[in-house]
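Please read the structure below before turning to the comments.
Chain lettering (A, B, C and D) follows the sequence in which the chains are written, and residue indices restart at 1 in each chain.
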Amino acid sequence: MDTSSPSLAPALQVERWFNTSSPITLDSLRGKVVMLEAFQMLCPGCVSHGLPQAQRVHSTFAREQVAVIGLHTVFEHHEAMTPVALQAFLHEYRIPFPVGVDRAGIDGPIPQTMQAYAMRGTPTLTLIDRNGRIRHQHFGQVGDLVLGAQIASLLGEPVVDAKDEITEQAGCSADGCAIA
Amino acid sequence: MDTSSPSLAPALQVERWFNTSSPITLDSLRGKVVMLEAFQMLCPGCVSHGLPQAQRVHSTFAREQVAVIGLHTVFEHHEAMTPVALQAFLHEYRIPFPVGVDRAGIDGPIPQTMQAYAMRGTPTLTLIDRNGRIRHQHFGQVGDLVLGAQIASLLGEPVVDAKDEITEQAGCSADGCAIA
Amino acid sequence: MDTSSPSLAPALQVERWFNTSSPITLDSLRGKVVMLEAFQMLCPGCVSHGLPQAQRVHSTFAREQVAVIGLHTVFEHHEAMTPVALQAFLHEYRIPFPVGVDRAGIDGPIPQTMQAYAMRGTPTLTLIDRNGRIRHQHFGQVGDLVLGAQIASLLGEPVVDAKDEITEQAGCSADGCAIA
Amino acid sequence: MDTSSPSLAPALQVERWFNTSSPITLDSLRGKVVMLEAFQMLCPGCVSHGLPQAQRVHSTFAREQVAVIGLHTVFEHHEAMTPVALQAFLHEYRIPFPVGVDRAGIDGPIPQTMQAYAMRGTPTLTLIDRNGRIRHQHFGQVGDLVLGAQIASLLGEPVVDAKDEITEQAGCSADGCAIA
């Protein structure tokens, strides 16, 4: 998904964080490119491809430029992939970056952030630009060459002044705010 | 471990079986070479090497000749690697052979079969000959060439009459039976 | 090698081209990012890593943006890696991009382009920017993430007017031109 | 090819040997299992799969039990894959076992040993038992598990007294000898 008119990335709905001392918001990451790696700990493609790639991005780019965030988007086998199981998984697989547990769905098995981002499954890699907008989304595998190029391309873009940006994106005016 | 005076493989202490309609005993497998793959679902080396190798053995050799048995030997993160979590894991990773859950240790974290086989960790691959004796044990990785050769070598051995064998192994005489 | 004051890439000294109907000059590629892959057909690292990576770049980026050029820089076993042997190699390995045979060294085994670029061996990957200047040089292996990012970063740079550029680079003034 | 009535392996027709101080004959290897790896230095499947596998066999089994022999069976690009080119190749790829150059075909591009063994291309792996008979032949790839099992199985067979064997194979009787 390469949206020509990118929209602001929805806020992360996280019920518990690992590998970080305090909760993380996308707003606090403005100015950085964010790689959001949605996975399930029992998803073979996530374990063999998605997470190792996220670790490579985490160790290749400077922390001031690129933030890698894991998101545990459990949409099946909920009883198996509990937070305590995830914690053991993150420990055994030496996952170094912050990982949030996507908040359970209100009326179905799909958790809230996964739904807000319209993800089709796991792994799903979402690239958010320095201005907080979704720019690329890959379901399944994407090669390192393409990913490296997309990240670098986003790093080359200017950071827009946040106030102007929000105004423009969310369609607010002196009269009020339209739904973005 | 290549024992020159091989001992009878201890009975499997299993609290629950998956991928089989009835419990499996080593006695019932006499006449076949048995590959016992001890693993933990959150052990990276098991997921990337041990289990795929067990699947290759399962699909390469005839079922009448070689029996592949998985054994979930949880000795850490017990709360994460529950039977219900294992069930989801076996489903997602398409594990086709029978898998038993090693019975919890009586006075420690090491489960009973793991202890009886003196395993040092996971993955541990144990080869049991057609007469029920432990012949090879590999902790960590072993190459397919070596494994294929060991299996074929055991397949080339004759099956000894079970009665004679047990007599000899367990040290029974007309006077009675010593502990094996 | 990440030169802060990049110099113009020396002209390619090629005695024979493959996979192109006419000789290629770097001047004709101005405006594109050029990936120059120096290799030897009997260099294991070139065959297993360098050339497959060059093929991935060739198939990932648009031809109008990135030009991949192979350079056969034979500095040992000259009698084995002849042009006719290279031709068979390129055929069997299905190398799709243009490959030039680096012109033999005048007074030693190192061919001329290899010497002009101060390469230390094979494989050596050189990235030349859209203005014809050497920007990155990797001897041995470089990951796809880093390479993809470097290519995209160079693609994001403007093309300078060639006349100005040459003036500046070559150190010309109203008084005359110094050797670049 | 798993022949039920195995025939004696034809003698190797070699015009030059590398990695051995004296020519090798199959007769001198009686009592060992012989793995004959037919390859071409510019055959990608040979370089990426066949030769690495031959090296694993060479380093896994005892020299007294298994002999690995390479055979350079050039049936195309003869002008590129000359003995001097092969010598450089064997050096750069660190091939440790003896390699013979298959003698050029008399009336066509297929060399003589390749023709005598009815090989269909490269790589072709031929397993010769301890009594000098062809037992398995794999064109293309074969897995390490299967190969290890086949080698071990052949190692488990007895060595027949050579005289008897030849008599039996070649169909000799008191009346004379029929062509084998």
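Here is the rule we go by: a contact is a pair of C-beta atoms (placed from the backbone, for glycine too) under 8 Å apart; a residue touches a chain by one contact, two chains touch by 3 or more.
Note that the structure is a prediction, hence the values are computed from the model and not measured.
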*asked:* Following contacts chain by chain, what is the lowest number of steps it takes to reach chain D starting at chain B?
replied: 1
_Centroid comparison with chain A (C-alpha atoms), farthest chain_ = D
*Tell me whether chain A and chain B, two copies of the same sequence, contact each other through the same residue numbers or different ones, using over half shared as the line for same.*
same
_To test your reading of the model: what rotation angle superimposes chain A on chain C by C-alpha positions, in degrees to the nearest 5?_
180
*List the centre-to-centre spacing of chain A and chain C in whole Å, with centres computed as mean CA coordinates.*
37
*Centre to centre, by mean C-alpha position, how many angstrom separate chain A and chain B?*
41
_Whole-Å gap separating chain B and chain C, where each centre is the average of the chain's CA atoms_ = 55
*Would you mind listing the residues of chain C that make contact with two or more other chains?*
none
*Chain-to-chain touches, reported pairwise for every pair that qualifies*: A-B, A-C, B-D, C-D
*asked:* For a test of understanding, state which residues of chain D touch chain B in their complex under the given definition.
replied: 56-57, 60-61, 143-153, 155-156
*Given the complex with chain D, which residues does chain C contribute to the contact?*
42-44, 47-48, 76-77, 79-82, 84-85, 87-89, 91-93
